[in-house]
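Both complexes below contain chain A, partnered by chain B and then by chain C.
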Partner chain A sequence: MKSVCRLTLTNQQREIKMSEIKVLIVDDEVEFAATLAERLELRDIAAETVNNGKDALSTILIRPPDVVILDLKMPDLSGLEVLQGIKTHDPSIEVIMLTGHGSTSSGIEGMERGAFDYIMKPIDLDLLLEKINQAYEQRKNRRKQP
Partner chain B sequence: MNIFNRWLAKFLPADEYGIDDASGINKRYKRFRISLLTTLLTISIVPAFITAAIGYFQYRDLLQTTEKEQLLWNLEGAQKTMQALINELHSSIDFIIREDRCEEMLNPETLDAMLVRLKAKYSGFVDLGVIDSQGIQLTYSGPYKLKGYNYRVQEWFGEVLARHFYVSNVFLGYRNIPHFVIAVSKKLPDSDDIWVLRATINADTLQKFISTINTKASDDIFIVSRSGKLQTSSRYFGNAMEYCPVCEPSSHIHEIVKLQGGMGDVLQVSAALENTPWMLVLMKEKYIHQAAWSSFRKRLLLIFLGCSVTCLVISYSLSTMLTSLIHETDEKRQSLLTDAEHSNKLASIGRLAAGVAHEINNPLAIIDQKNGLMQDLLGLTEDFKYKDKFYTSIAGIQNSVSRCKVITHRLLGFARRMDVILEKIKLNELIQEVLNFLEKEAMYSRIRIELHFQEDLPEIYCDRGQLQQIFLNITNNAIDAIGKDGLVSITTKLQETDVVVQIKDSGPGIPPNILKHIFDPFFTTKAPGKGTGLGLSITYGLVKKLGGEITVSSEVGKGATFEIRLPVNPDKSAERDKDE
Partner chain C sequence: MKENRENELRTLQLDFLGRILAGFTHDLKNHLAIIQESNGLISDLIAMGRITDEALAAKLQKIVTSIQGRVGQATDMANNLNGFAHRLDTPLSTFQVNDLLAEELTFLRRFTRLRQIDLKIELHEGLPAIHNNPSLVQYVVFKLFTMALKKLKNHALIEIASGEENNVVKITFRLSGEKEQFDKLIDDESAAAIQEALDRMQARVAELSQAGDEKQEIGFFVPSLAKT
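Let's look at the complex of A and B:
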């Protein structure tokens, strides 16, 4: 059983705040995406939400994010298809898959196709923050290399 | 062929779905066994019986024929003997009235002398008389005054004139003693005159003579007239002159008459004696081959009984064996059907569970996030009156969400069909690894874990993660069941091509009504919130997926034993997985 974590900004989080990470949340569940965005904003992470795959791909063109949090199961374009679109457009954008399946296999499949990591719904915010941080670090490294 | 098949279908214990009670099923197998036994007995004993019957009658006929032939042979001998006697009597008398001695015979003294000589030879001679062609007795030698008596009108006189020789039936006459008459006629040489010599002989002579013909082959021998009057005494029919009822229809030729006498079957043969009105009769009461016949019958009966008993024993054991074999096969099939039903049930429940879990998961994620947001905002808000209450409520929601999360994750895990990744696994080591997780918990509860590992257990191809899950679930359950103070013993061993792991606990045991449902999803005896009721059904599904078997046996008060059987050979399990 996890203890309820109170919102206190740690040093690490302050660092992230300084670095101004931009996150795009893609989920057909409007409420979920909005709430998650709000919570990330509270932690000084710039979060934008879209509710389908098409919007996600168009948003990437206009305002490229650092990290995309992508739901696997969506109507029309599926998470994996969107992932492919993102990676063809800009391989340096890191993607964290959201799986509601309770199964690791689809998450692993996403990782095989270039996703940075996956996290199961309902999500643990601390874990997500950690993964976002890691993903951001990797993106920074990738950008430096070329 | 169709008729035969239909008959066979009727005969076999056909599947009657719907008959669920054991007595009905047992009755069906009993009926089958009885009809099988009847059929086997019929096809084995009926031919044996027919063969025995054929043998019986054939042998009886053979014996009868032999005996008949023997009796006929005896008859022939007796007939020849009797014929010889009659011929001798005939020639004796014939000798007396030789052509040249006719004159002498008229002298009573000569006749007396003749009678004396005849008497010396045959004591039965009573008198002699010479009669002329007119029927008048010219001379007489004997005890009566019969000289001058006229026989002309008597029947025998005509016959003797015509046939030159005559033998009468036995009659009583004046003296009331049975006797018979022999008469011979002679034509005188110089004239056409005919003389007749008549001799009376006591029937005793006949009786004595016939008594000398004593054959072993016959029980009774006697002479009878053509009208059925006994000429000599008979064992069966009384003394001479009495009427013999069975001899009447006898004719001249040899004949075999089978009678129903008082003492059973009597075989009778008879033959006519030449130049006499008599018939010689031989009777045989029982078969001469009595001994051979009875021993044959005894042997036949013994063999038949032996055959029958053997048939009975073989048929009985065969029908019992076949019935139990069919019964067993049926039961096996039934249990396979039940198994399949059970897996189907589990699969459909799994699909349902996955659907429900998935639908619930999304709203749950939203609740979780909203709750998190509330908490975040509360952290940024200044203190107010009920702030702590808010925190507690939020913590409560968080707790409930976590519980739901566990359930949905397990449900999804129960339903998912993760790929099985096969690798070489040392089962003993794997179990040891799993136990490392549980050691502390067991220690706190003062539960000892005993290991009985077969050291040379072969490595099995299996999925590591799933195996860990299986043993974790079962061992955890065992620890939960014991509560405090107890023993869990884990045994591994190789049985044929399977590796068997037994996990035995010293807990309170599982009552039979619970044992039945132990692998059913959502079945739990734990307090609400403590168990999902999915642990064992997930374990069951995992073991099945790995091509194994899991069984549980328990007695109340004696703990429970889970047995997991995993194939060493992975190919079969993969195939079985595909079939499901």
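Let's look at the complex of A and C:
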């Protein structure tokens, strides 16, 4: 039974059914990752956080998520290196890159290397939810393929 | 020889400044992201009815909306500052004049507000992309802008427009309203600096109206240079 969470996201009230989706947030900004996870949880998305690339790669082995929200700039492994690690392990896990840059070039580079999409910081939560949904659909389709 | 070294040092300083600015804006956006998410969480809790005191919920919602608006404005500024800083990355690049103007005028608008001068911007859509020195274009715009501020009295109007003539992109400044007494639209010192920048861009002055004209106008064409 899917649970339904009603929240006013922007001006439009929307009903979101996302209880099946498991998201891993990878960001070295602990406060950002934790708050974003809490907001996703309020929308019935199972969200887990890690704060560096190595932990991200070990987490996907133990508890594989459907979608990874991945910061591009991190101190140990860069977002692009983590992206490569995820795709090598399981290409069906979809990755949404987070970039703080004014330009879109780094996000586009991520997509060229297999990321599903990218989103700028500070994030537009509505947009992120849409992308998570689309990424999840794509993962389901990929997994159906032989 | 000495002049070359000084120019080289100046270029290195600009490069340094660009990198520092880009780094700061990146960090700034991380802080804004945290503020936005924390604010959003409060908004979520209000929307879910977790704050039972209605008056308090309404007051908090008002604060949340205000913070959200300020974060949006600060993000726009950080994005523009970041873009501005990255303009110094390479001497020549391909860009849209409208992007350059939008990013620069975000900051310059403050000066017109302090002087109670109206700033009207008309960005013509569909202009061709240009390969040239974006930082020099912004420098010339800045020089013309400061010149215009000097010439105009409070409550006057500056109109800045982008356009195109014979496939060459043009930037125009129009000055209306009461002006200070002056003989030339551009003083000799500014004119020399502007001319040097225009020469480096292989750009040229489009038109220059006389000091006595009611509406004074100056514009310059920015050519697209061959990619090497």
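Note that in this section the second predicted complex is superposed on the first by the 128 of 146 C-alpha atoms of A that agree within 3 Å, B and C clash if a C-alpha of one lies under 4 Å from a C-alpha of the other, contacts with A are read in each partner's own complex, and residues count from 1 in each chain.
Here, contacts are C-beta pairs under 8 Å (C-beta built on N, C-alpha and C of every residue); 3 or more make two chains touch, one makes a residue touch a chain.
It should be emphasised that the depicted structure is a prediction, and the values quoted were computed from it without experimental measurement.
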| item | value |
| --- | --- |
| First, second, both or neither for A:M111, with chain B first and chain C second | neither |
| Superposed model, chain A: greater residue contact from chain B or chain C | B |
| Touched partner set for A:A46, first chain B, second chain C, both or neither | neither |
| Chain A residues contacted in one complex by chain B, in the other by chain C | 6-8, 29, 31-32, 35-36, 38-39, 42, 100-103, 121-123, 125 |
| Interface residues, chain A side, partner chain B - complex | 1-2, 4-8, 29, 31-32, 35-36, 38-39, 42, 100-105, 120-123, 125 |
| Footprint of chain A on chain B - complex, ascending | 357-358, 361-362, 364-370, 372-373, 375-377, 379-380, 391, 394-395, 398-399, 401-402, 405, 408-409, 411-413, 416, 418-419 |
| Interface residues, chain C side, partner chain A - complex | 25-26, 29-30, 32-38, 40-41, 43-44, 47-48, 71, 75, 78-83, 86 |
| Residue numbers on chain A that touch chain C, as the complex places them | 6-8, 29, 31-32, 35-36, 38-39, 42, 73, 100-103, 121-123, 125 |
